[in-house]
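Multiple structures follow.
Shared between the two complexes below is chain A, which has chain B as its partner in the first and chain C in the second.
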Partner chain A sequence: MKGVREVEGHTSDILFKIFGLPVTSHVTTMWAIMAVLFILGLVVSRNLQKVPGRLQSLAEFTIEGLLNFFGGILGPEKARRYFPFLATFFLFILFSNWSGIFPGAGHLKGFKPPTSTWSVTIGLAIVVFVLVQVAGIREKGLGYLAHFIKPIPLLLPLNIIEELVKPLSLSLRLYGNIFGEETVAAVLFSLAPYFSPIPMQILGILFGFIQALVFTTLAAIYISTATAEGH
Partner chain B sequence: MEFTWYEFTWAIINFLVILAILYKFFYNPVIKFLDNRSDEIRRNITEAEQARAEAEAMLEDYRNKLAGARQEAQEIVARATRVGEEARAALLEQSRAEAATLLEKAHQEIQRERDEALKALRQEVATLAVMVAEKILGRTVAKEDHIKMVDQFLDEVGEVH
Partner chain C sequence: MVKKKNRPAAAAWRVLGLMTNVGITLAAAVLIGYYMGHYLDKWLLHRTDSWFTIVFALFGIAAGFRAVFRMLNQSLDGGGKE
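Let's turn to the complex of A and B:
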């Protein structure tokens, strides 16, 4: 049951340090995902054709699909403004989730799905939290801060708690799903290494997509709520 | 559930880094490209519509011109026909007049010829009458008879006239 213990992250997993900041397998996997995204983006954007090839079609489909999706939540103008953030959340989380499908994820040194640890998901959720506050103040000025004392100032603590609960629920949902899925896959693998994890891996593709979409959709909804007119 | 500050920090740093990278190398160029292509397609459609409108206007213009030309051609033909008709009528009239003149001349000629012939005949008849009278007078005709006969003869000649 060594594998399970590793997935659960009980073992200290510091590989090395950069500027005193310890680097773990989750971090190195993030870097690998960043490298993949960077290369894919570069390959597509360096060779944009009027009549798109397969990869470009996929990229166009992804970008236009996300843009339309966010547009449905935020309206076309705000969707464009916050698109880089929302799309990056989606792509980064999607690739992180999907990285757990590969054999050896959670077992090999330096290879752990980043979203299977709460440290990473709460980090991403805190970025969402800051983004929502900044977006609210930017779009509505001090009027945004006024919503904390509405409808009555007495609710100020509750409103603050509500605001703080948002990133907490975002991060716990993502972490719980991916970690749970990883754990189940690891248990299945330790029971019967061949074939048994395959259904879990197939479901993992679906869950990974859904969780990335849920996280991003909620982030978009939070921005929409914070920047809505006449709130 | 384990939480470590360093993984938390790395998550934020990594997110911001990949955000910047994707913005610069992926979203920005691709969205710009898509926008440009949309604009281009929109522009092409507008241009095509304009071109079609122009072509239609041109076609209409040509149709009008063609109709005008056809009408003009008809007018020209009609005018030419009328002119020809008139010329024919004039020519016919002229010919008719000439023919009438010739006929008139011929009549006059005939009349003249007849008059001359009559004159000549009358002279001949007078001569013959005198000769006949001489012969008759030379034998049996009395003086009274002679006068009577000449008178009669002259009357007859006058009747012929």
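Let's turn to the complex of A and C:
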């Protein structure tokens, strides 16, 4: 594990410690994103107008679009039930991915896109994993646990591995994409500082959006398979 | 307009998500199987890389293929569960 930590630059990146827990640049950026999302939510929901202003219509467009989108995967009723979770995840991952586009990300102290480290993405994926299990048990009762020993009990290890693969692949894909993109941008920047990273930044906007949406889409698919009738 | 546009989009993203997950899933399943076996060996047999490792690595490979097969099936039968 030490190797991974060194590659990610964890050891040299500790800014300060809280109760003995090291706080890295990823964590401080994450706090900033959380604050931005929180304040945005507060500002938008504080004074809702019948005729929405610019910010409110943007928020309404986002929320409605996401609700329709998840409705297409989960069905309208379940989409509504799991919407707060999925939409929060989408927005957080989107902002995290896009935070890498700002000049100085990855170079300044205390400013690194959180999703470019595996620790953050595996954390997100574990939350998804727990939610999927809870959703399965809540919607189908013990019948959900029975699917682990379904066609025959001998397949129990196989089913467990299959279930554990989901969070691992989910986190690795997000981490790999964002970390890779950041690295390429950094290399381009060191080769020719002024204009060469721009195409990569534009691609970064696109990829950041795609990865955020794919992450939440897969989370929704996992929820829908865990809660589906009949299986 | 938003509604009409988003239905097929959700299905497309579904397929994209599932399809691009195939490679990682296959690799991750083998890894998880191997490490499960590795730690079971340490814990139960008190030695490394013995029977559990072999069996669980095979389990991992099988689970990987089954997960991929299931994902392809899932992406083929389209989105939009009502």
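Everything that follows uses one rule, which is that the second predicted complex is superposed on the first by the 221 of 231 C-alpha atoms of A that agree within 3 Å, B and C clash if a C-alpha of one lies under 4 Å from a C-alpha of the other, contacts with A are read in each partner's own complex, and residues count from 1 in each chain.
Rule of thumb we're sticking to: a residue touches a chain if its C-beta (ideal position, glycine included) is under 8 Å from a C-beta of that chain, and two chains touch if they have at least 3 such contacts.
Since we're looking at a predicted model, the values are computed, not measured.
In the superposition on chain A, A:26 makes contact with chain B only, while chain C stays out of contact range. In the superposition on chain A, contact of A:123 is made with chain B only, not with chain C. When the shared chain is aligned, chain B and chain C each come close enough to touch A:64.
Contacts of A:91 after superposition: chain B is touched, whereas chain C is not reached. In the superposition on chain A, A:42 makes contact with chain B only, not with chain C. Of the two partner chains placed by superposition, only chain C is touched by A:161; chain B is not. In the superposition on chain A, the chain among chain B and chain C reaching more residues of chain A is B.
With the contact threshold set out at the top, residues 64 of chain A are in contact with chain B in one structure and with chain C in the other. Listed in rising order, the residues of chain A touching chain B in the complex are 8-10, 21-24, 26-27, 30-31, 33-34, 37-38, 40-42, 44-45, 48, 50, 59-60, 63-64, 67, 80, 83-85, 87-89, 91-92, 114, 117-124, 126-127, 175. By the touch rule above, chain B contacts chain A in their complex via residues 1-12, 14-19, 21-23, 25-27, 29-31, 33-34, 37.
By the touch rule above, chain C contacts chain A in their complex via residues 2-3, 6-7, 9-11, 13-14, 16-18, 20-21, 24-25, 28-29, 31-33, 36, 56, 59-60, 62-64, 66-67, 74, 79-82.
Those residues of chain A lying in contact with chain C across their complex are 64-65, 68-76, 157-159, 161-162, 164-165, 168-170, 172-173, 213-214, 217-218, 221, 224-225, 228.
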